[in-house]
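Paired with subunit B in one complex and with subunit C in the other, subunit A is shared by the two complexes that follow.
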Partner chain A sequence: MKRFMQYIYLEWKRMLTSLPGICLASLCIVFFVAGIFCICHLGNNQQEQQLVHIGVVADKDEPFLDWMISMLSKMEKTKDKLRFKKLEEAEADKQLSERKINVIILIPHHYIYSIIKGTNKHLTIRFAKGETSIISLLLSQLSETASSLILNSEAGIYALQEYYQKYGYTNMKKDELALNLLYLQEAAKLDRGIKIEEIQTQASYPLISSYVVSAIILLLFLWGLTYSKMLTSQTRAFQNQLRLFGLGIEKQLLARGIAFYGINLINYAILVCLAGVAMIVSNIWLPDTLLKNPGGLLLFAIALLPALLLTTAFIQFVYEMTEDALGGILFLFFSVMIMGFFSGCFYPMDLLPKMVQNIGKLTPIYQLRQYGLSLLHHASPIKPLFGILLYSIGCYAFILLIRHIRRTQEA
Partner chain B sequence: MKEFFTCCSLWCKRILKRPLFLLTLLLMPLSSLFLQNCRTREDAILKAALYIPDAEHNASARELTEQLIQTSNHSISYYYCSSKKELRQDVSSGKANCGYIFPRDLDSALKTYAKKHKPFITSIRPNQNTITSIIDEIILGKSYQKISYHILQTFLCSKTLSVPNDADLTELFSKHTDSELLFQFEYMDKTKNENLNHPDSNFILTPIRGITAVFILLACMAGGLLWYSDQKNKLLPFLTQRKQLYFQILSLLVPGFLASVIGLLTISLTGISRNPKREFLSMTVYLLACIALTDVLRTLCRKREYFLAAIPFFTIGSFILCPVFADISIILAKLSYLRTILPANYYLNTLHSSADIGYLFLYAAILFMISFLLQRGIPLLLQKLKT
Partner chain C sequence: MSPKEMIKYELQVKNLAKSFCHGQKQVLKDINLEAHEGECIGILGDNGCGKSTLLSVLAGILKPDSGTVLWNGQKYSCKQQPRKHADIIGYVPQECPLIEELTAKDNLKLWYCDSPLSMEQELSEGFLGMLGIPDFLNVLVKHMSGGMKKRLSIGCAMAYNPHVLLLDEPGASLDLICKERIEVYLKEYKRQRNIILLATHEEREINLCDRIYILKNGVLLPFAYDGNIHTLISRFS
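Our next item is the complex of A and B:
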């Protein structure tokens, strides 16, 4: 027992030498992330930042263009969300690349005339680069809707023209213009056709809580990228020497695990303190959750210690399996990314294919997320806690298995 | 030259002898292929439930909903519910993002709407947001053909003071209806935006390029760790100091090069690559930028612990600030200035903007110069000042 405790202490001392560098990284990352949140929080108070700026590129003498821009700008749906700017193409491209505008609409020569005549030239919408949000993917569906509005309005106008010609009605031009304006007004207020009824949903966590918990979990895992020096396997000779002193593989691994968890605990405590200071200074909290005040943050941090156990076990497992820093870092990064992706850390899980969701539910990150979200929203964390403990035991069991297999192969 | 090849083979051997490193590299294209092929017909990002009361006698509502169901793809899918209760339950449980209840007589409801603007569809949803508003617009767009007909009919009644013959007007109207798509999407370099031009593109593959970029940076940084043990073990004593500096770049190039090759393979296998030449050029310049950044960090961080501390900083920073999953500069444009220190930011822009390849090259050149100055220039200057 004495030797065992001595070995734990020695391992802990060895790992402690790497702690300053890791704490420096903690400091940088917390200030970095807190800084971004503060800037976003301050920026969100300025309404101008919420607007979508659209550059319109067309011929200077394009008829009805100014009127259409004016009408679109004044629509109830768009007046607080969109800003239109008429620009030359080169200037528009420059502003698009500098993100001063979000998108460019290129109106071809005599576009309005082509709509009237029925030749229907195509509008081009230009983006700066690939869009990765869900809303941008729906733009193609919206473009079909917009095309339908234009084409069916045209159908109405042509039908009116033929009807008037057929039955010899006069005032066709005047009535055609009136119908055009009517169609434009109807298209602008088409949402009057829908009556909205909002209902309560069954316990689904808000997106912001989900992202906060995901960020914490991923941070705890990605911290493992700095632990390669701490967790490099000892040489075979040293391991055999320890065996001679009565410390078998199991005790060696347990001692290492305890020392590593202790170091991780110190790093975690520093991280919590830094996060607490950042949140108090910036006054950014999550109302209606456990993270609504400093006391809640402390409670949350203590309750999240089982999650720290699992992340510690997993990181140790990766480095034990790979036996070197290079492979360990890359394998850890890749496995955490894949598990995080499948578990809904980056995109909400219900947007992912069923197969991916089913696999995601089997990953440790899913259990950690569910645990974190349950704590945050005062739900029962028993089931995910059980999952976390199971995975932690599993990781240590695998580490033991790997060591035994290596010993057997060498023997 | 012989020394160069000796070094190259040494660095390659020590990388390729690590089976788990190779396994990780192989997992990248394999998992991307899995994500590409894991979607079934029923999978969609958004789901909308539809309910028609008295469906047997509600032909026009049935026709409209069948049109919607036929347009189902992996972005939005529509499905029928057998009752209002089932629809509400599906929305409440999250099985559907929103639900739409159609009226008993859609034709007469649309006619009434054209005259009095009374709502004709009820939308059931958890809360109003941009996505459900977009689905509203899509549903209304599908109904608009009938609405525009009724608007025309009402207009003609008021202008001609007589009720137009329905069959006659329907024939005239139907003659001119069309379903052409009047919009096209493109990028700044005038290449087509295939993701938006084809609504069934695979949304979950969009971050692959960004993840690959961060992976390559990480591979270079992980390679940089080997330099510390090389320094400690004085691995290349037979080389001059100047040559050692160049050969140390090789120790970053080998893992980075392997990761880049796998990255290019992943991007081409998943079909998100549109311009292979541009991809190759961007990847090459990006690899140089990652090597340059790692070399500067290695020079600045004399201790291995500090270099290790920089790894999560740059990795997490790349994920947050660069548009890998989402573009954070949409929230605040000023945040885009912060990401100028990250090579992934330039790389993700190079694919549709030739200027950004130039910026990425400049970024790499500046960092190489800084590294050279720190390793050779400043020590030489200090030496000369001393003497």
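Our next item is the complex of A and C:
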């Protein structure tokens, strides 16, 4: 036991000598990861702004429906940005949950008539939960469109005139004025005229949270690129000597794992401090999440420690497997990038093919993302935590297996 | 004479065999050897003949296919009784068994933390001092010369003051002063009724040995060395 503790201490001391270099390199990786996410996020934003798919749910014989759709589609501000699709409500919900469409507009029975009569039934806009960027985009677009429709277009009035003529109403002039006023009144309180609903989707966390958690997870993995020197295997002679003195392979690995986790903790603490300072100075927080204030950041950082366990185990596994610094770096970088892509770090998973999604769900990065997101949104992290522990044990089991196979081959 | 001094130490190797590649490459065949206290035994042979394999098996690193290694008539195992094993065998491999990024002192601490010997005492007046380790105690291993590393390796292997020292080419590519220091130490170690098994190619080290064995084609054969190196060379050819 004494030698085991001494070995942990010496491994830790050995790794500590590389810490300044690691911190410096970690900062570079922070910028690298931030750069990747800026590119991905900008790419996604452009994609979102280019095209928004809207499902329209209304009765088949709903008057003025096609007129309204063609009107909105041809508006200068929404031209080439909105795509309307008439759907049944159930089908629309299904497509929304699968994110094939971005929003549903539910038009009540005889919507226009209700406005004319002044009863003003509510228009319902249904979003996928967590679609914050789409919400803000669409609301602004629709508000502008509605304003344009009411304030600049007389087409509505012509349509009303047509309606009055069709049914032979006589007090058209008087009502026209009253209806114009009603229109303006409704336009002014448009926010109360539209009811907003959310439905549960497959990935129900906001994209911004998803990106933040993905960036943290990728960072924890890519840190491993800086640990190449300290994690390459000890010489076989040294390993054998430890065995002769009673420290078997399992204990050697455990000691190394503990020492490495300790070093990782220091690096992690430095990063949390830097992130805290940056967030306090810039006053950028994520409302409605755990990261809403400095205390929340601290809690989140502590709760994320099991994630550090898995990344530590994975990094150790990579260097143990490759037995070479450069090989380890290359393997770690590409494996993390591929796993990150499959598990939806760079693009929402729903946009990926079904097969890729299924593979992605098997990766440790997916478990870590789910864990981080559930912590961030006060959901239960038990299931992903279980996955994390399972993967960590798996990594250490693989390391043991590798050493055992190598020893058997040598013998 | 104390009871401990009355015990006659003896290392016995009986019918030892070792092969690699699932028995396809037979490296050691029916090795028999006896070493008594105060003896230095030299094992000679061509490169790759199996000298290091033999020492690894004796040290307990490699498992033999068959045969037994006995210390005073009893089996020993580093896995089951690491402490007892460390009391019996000290092994200095050919490669450097040290942590390169740490100092000599840190490396010694790892092996002496649980030792009955006091590291400080050994450094000041014991065999660590004799090996000249205090001269480079605070030097990082990666900055050390080959000779310093070898002396430190011997110092680490001696942490439990074992009765048998297995040395795998200790003098290879070392300067004369280093060789001299190691030789002086080995003579002293032998004088204290301990056993040395030495795999070597060096003439100076061969002269240190009481008995010589030649390992050829997996078979260990005794050789009566008369101090004439040419006779020895002719035996190899």
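Throughout what follows, the second predicted complex is superposed on the first by the 233 of 411 C-alpha atoms of A that agree within 3 Å, B and C clash if a C-alpha of one lies under 4 Å from a C-alpha of the other, contacts with A are read in each partner's own complex, and residues count from 1 in each chain.
Note that in this section a contact is a pair of C-beta atoms (placed from the backbone, for glycine too) under 8 Å apart; a residue touches a chain by one contact, two chains touch by 3 or more.
Quantities reported herein were computed from a predicted structural model and do not represent experimental measurements.
Student: Between subunit B (first) and subunit C (second), which, if any, makes contact with A:R99: first, second, both or neither?
Tutor: Once the two structures are laid over each other on A, A:R99 reaches subunit B alone.
Student: Now for A:N240: first (subunit B), second (subunit C), both, or neither, which partner does it touch?
Tutor: In the superposition, A:N240 contacts subunit C only.
Student: Answer with first, second, both or neither: which of subunit B and subunit C does A:A278 touch in the superposed model?
Tutor: neither
Student: Give one of first, second, both or neither to describe whether A:L298 is in contact with subunit B, with subunit C, with both, or with none.
Tutor: Neither subunit B nor subunit C is touched by A:L298.
Student: Figure out whether A:V212 sits in contact with subunit B (first) or subunit C (second), or with both, or with neither.
Tutor: In the superposition, A:V212 touches no partner, neither subunit B nor subunit C.
Student: Quick check on the superposed pair: does A:L24 touch subunit B, subunit C, both, or neither? Answer first, second, both or neither.
Tutor: In the superposition, A:L24 contacts subunit B only.
Student: I'd like to know which partner A:L123 touches here: subunit B for first, subunit C for second, both or neither.
Tutor: First partner only, subunit B.
Student: After lining up the shared chain so the two structures overlap, which partner does A:L265 touch, if you call subunit B first and subunit C second: first, second, both or neither?
Tutor: Neither subunit B nor subunit C is touched by A:L265.
Student: Which parts of subunit A are in contact with subunit B and also with subunit C?
Tutor: 17-18.
Student: Using the touch definition from the top, list the residues of subunit A that touch subunit B in their complex.
Tutor: Residue positions touching the partner: 17-18, 20-22, 24-25, 28-29, 32-33, 36, 39-40, 43-44, 49, 93, 96-97, 99-100, 102, 118, 120, 122-156, 158-160, 162-163, 166-167, 169, 171, 175, 178-179, 182-183, 186-187, 189-202, 204, 218-219, 222-223, 225-229, 321-322, 324-331, 333-334, 337-338, 346-347, 350-356.
Student: What part of subunit A is in contact with subunit C in the complex they form?
Tutor: So the residues of subunit A touching subunit C come out as 2-3, 6-7, 10, 13-14, 17-18, 234-238, 240-241, 243-246, 248, 410-411.
Student: Under the stated contact criterion, what part of subunit C meets subunit A in this complex?
Tutor: Counting only subunit C, the residues touching subunit A are 20, 56, 59-63, 78-79, 82-83, 85-86, 89, 91, 93-99, 101-102, 106, 109-111, 113-114, 156-157, 159.
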